[in-house]
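Right, one structure below, let's go through it.
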Amino acid sequence: MSVAETDANADAQRPSDMPVALAETPLRRFLSDYFASWIATLALALLLLIACLALLAPLLAPQNPYNLAEVDILDSRLPPGSMGMAGYRYWLGTDGAGRDLVSAILYGLRISLMVGAVSCLIATVIGATVGLTAAYAGGRTESLLMRLVDLQLSLPAILIALMLIAVLGKGVDKVIIALVTVQWAYYARTVRGTALAELNKEYVEAARCLGFSHPRIMFKQILPNCLPPLIVVATIQAAHAIALEATLSFLGVGLPRTEPSLGLLISNGFEYMLSGKYWISFIPGVVLLITVMAINLVGDQLRDVLNPRLKR
Amino acid sequence: MTVGTAPASPLRPTLEVVDLKTYFHTRAGVVKAVDGVSFALAPGEVLGLVGESGCGKSMTGFSIIGLIDPPGRVVSGAVLFGSSNLVGMPEEELRALRGNRISMIFQDPMMTLNPVLRVDTQMIEAVQAHRDCSRSAALGLARDALAQMGISAPEQRLRCYPHELSGGMRQRVAIAIAFINKPDLVIADEPTTALDVTIQAQILHEAQELCRRNGTAMIWITHDLAVVSSLADRVAVMYAGMIVEQGRASEVIRAPLHPYTKGLLGSVPSANRPGARLAQIPGMMPSSLDPAPGCRFLGRCSRAAAECSTMPALTTPIPGREVRCWRPLTAGQQS
Amino acid sequence: MTAYLLRRLMQTILVIVLMSVIVFFGVHVIGDPVWLLVNPQMDQRDIDAAVRALGLDRPIWEQYLHFVSGALRGDLGRSFIFGEPALGVILQRMPATLELAVAALVMAVVVGIPLGLYAGLKPDHPLSKAIMAGSIVGFSLPTFWVGLMLIMVFAVMLGWLPSTGRGPTATFLGVTSSMFTIEGLRHLLLPALNLALLKISLVIRLTRAGARESMQQDYIKFARAKGLTHSRIVRVHLLKNILIPVVTVLGLEFGNLIAFSVVTETIFAWPGMGKLLIGAIQTLDRPVIVAHLIVIVLLFVVINLVVDILYTVLDPRVRVVGQAR
């Protein structure tokens, strides 16, 4: 049934003298609750814009900053708004090697977001599976798994990431592995908590009586109900992952120079700061800040809206 | 306008509540929690404020002591205590009265005492907030107060944390705190509801004793008529934010004038014959949100008539008795 | 209470042992441990000799025991770069890191708790909204970028504070720290602020949440009914309840502070453990990396234990439970 038909049905069944309201599906209520805050709406719009920019970077960027043929070393360290040798205006200036900052930032965003998103996704899958298994299996399995999770969570993310990279070496895949390792435990803990609550509900018992297999119950019945808190944690963790990757790249132990992220750009600009050429570090930093803040704001609003305990 | 029933003695009443209205302005509308309540209390008198959950009796208590928080507000009426009107009084003056001349006892003993502070700390601060008193002197007062409540080994109890005491003990501590500065008025908001029946009886007795000894007036808020019958001098029955009947406790219980009071009395299980169906008042109390005009009991009253669609005025069919009903029960209908 | 402490101690030791096993066997699984203890720059004969000397041709469990006995004696290998015992190199730099972390923690508490309290008690005031907005920004700011900006503004543009290095130290009550000299404080201010920023946001949010939740509790209403002054209610009743979760989190965050000092130390050229670690990773000075890991884990475990004890001291309800067991 389409939404319109559902509405019509609902109206037909209601006594005619009662006020008529739009049938409130959970999705509709969620959307109206979410967009009640203009800040969160703005943040979401910003986020979508950033994602689009990042995806379309090769098309949008005026120059490919990593194609040496396009970069002119004589144009290096120009402040924002200056005119270049080729008659092209550098809106955000250039960095130490003469790369156009607008292009470099777009490409950098792309990589940062990709690494962040991929690691977040993998971590979600691993973490959710572990959490579900722990809650469902119970007993010793659960104890063991949750001990592991607790151990993981008691150590700071940056330390784990540094140690892993120290042992594994550098590279995009190693960074993603490090980011995944740092994140999965949060998902595991969240999903386990929600799953435990869900396990007590009757639909699980019903499914068991119907003889459904364990994986089926776990993934098709329980998991969908665990999604709301999972989504909230995922947004917050995504922000952390992006910030962590930037930090690692800044320290020189993150993504290699062939895949330059925003962190690397900022690090490159460090040496020019003391001579007053601040924009090389400042502007990529602002872009990073806005991205992370937008994700955090969206996550905050999601958390408030999806929280059943908050009276609205 | 008659402001509640005046007691026989010519003493000035300790408390006079005049047409008190407390509204909550919420996004859904205006909730008229207390909608025109009036009564008076003589010194040392115990008033039982009776009603179902949600009728506004607790809110009345909070309104008197000035603890209504936004979005609620006392919108009109007066609360005359001594010579001052508590409504609109500056917060600092109210604070000086609270815990000192007017105290309150709350319902849930678990959470009214701060779990991370010791009992003696919480009792001493009640004393020191209102007078210059050394810690040891205050401690002595606390010890005496606990002893008066019938608590054995009060020194040990004082050094305890709230979670180390039983529910009944905690409530005794709360009552001791309420009486420690010998107030003129104590508002007790369902203090025994959360306790065992046996403890209930003990605490009722102890509270009664304290009132008698100190000449303290008390408003005992409850939904339990049995409590009222043994404890209170007068009773006021509340329904949907208004007082529907008021009078001497024994008289109201013996011969109720309002159909709701009769319904309440009839629904007490002990009034029932074994094996017979428990009597109920059909329906539910209407929401106080944007209430309809007319008698609030309309819809549940078996005696409703056309005139009931306008709000009944408060009348005094018998001296000392008030009722808000167009068609109060007559002698033959009351049992 | 002592039974509880003993149990926690046992758990702590267990965790340390577990970590040592994980570190040791993890390193073996992932890489060739030879390169962890032997400098790959040496020529083959020296390498073989070193391998024999270090017992790296022995079966793995024997190597583990050797490792543990060495560790217990404080010998965790020699740094390739410095040529000194790795543990010594790290311990030399630990005071600087601890100093930074403590300064940041103090800042976080002194700034964060009052701000959070205000935001919690007067949520509708524009200042509260500004504080909360500020805390979200503070939360999202990448620490390293903030460090750069701080240097840019305060050191380059305004020239008020030095941009790198640690100031001179002085000794007070047996503790040597740069906090006790004016010049030392000037050097400490920016890095500590940088490190503290994230924590300030956290403390503000925690305190605010705690204040809002606690204000709704019955015991606050009862305290008001007793006629206590507002200041007493906040100071005594509210604060003690809020402090419990705040202290717990802060205690655990102290470990995080130490870990995150890696970034701040790099930017401000602060001679601490963190900077050492980054250098070690970049130069592949593996003994230092391993030693660093072990020291940090030990530090963490000790911090956790202290926080647990602190928690039982602050919350009387937990004490009884501990005793009853």
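For this structure, a couple of remarks:
Residue numbering begins at 1 within each chain, and the chains themselves are lettered A, B and C in the order written.
Definition applied: contacts are C-beta pairs under 8 Å (C-beta built on N, C-alpha and C of every residue); 3 or more make two chains touch, one makes a residue touch a chain.
Predicted model, so just to flag it, every value in this text is computed and none were measured.
Taken as a graph of touching chains, this assembly forms an open line, each chain in contact only with its neighbours along the path. The pair with more inter-chain C-beta contacts, choosing from B-C and A-C, is A-C. Centres computed as Cα averages put subunit B at a distance of 54 Å from subunit C. Inter-chain centre distance (subunit A to subunit C, centres taken as mean C-alpha positions): 26 Å.
Taken residue by residue, subunit B touches two or more other chains at no position, since every residue touches fewer. Within the complex, the subunit A residues that touch subunit C are 151, 154-156, 158-159, 162-163, 165-168, 239, 243, 246-247, 250-253, 263, 266, 270, 273-274, 276, 278, 281-282, 285, 288-289, 292-293, 296-297, 300. The touching residues of subunit C, counted against subunit A in their complex, run 15, 18, 26-27, 30-31, 136-137, 139-145, 148-149, 151-152, 155-156, 163, 252, 255-256, 259-260, 262-263, 266-267, 277-278, 280-282, 286, 289, 293, 296-297, 300, 304.
The touching residues of subunit C, counted against subunit B in their complex, run 217-219, 221-229, 232, 236-237, 240-241, 244, 314-317, 320.
Listed in rising order, the residues of subunit B touching subunit C in the complex are 65, 67, 95-100, 103-104, 106, 108, 111-117, 121, 125-126, 129-130, 161, 163-164, 174, 177.
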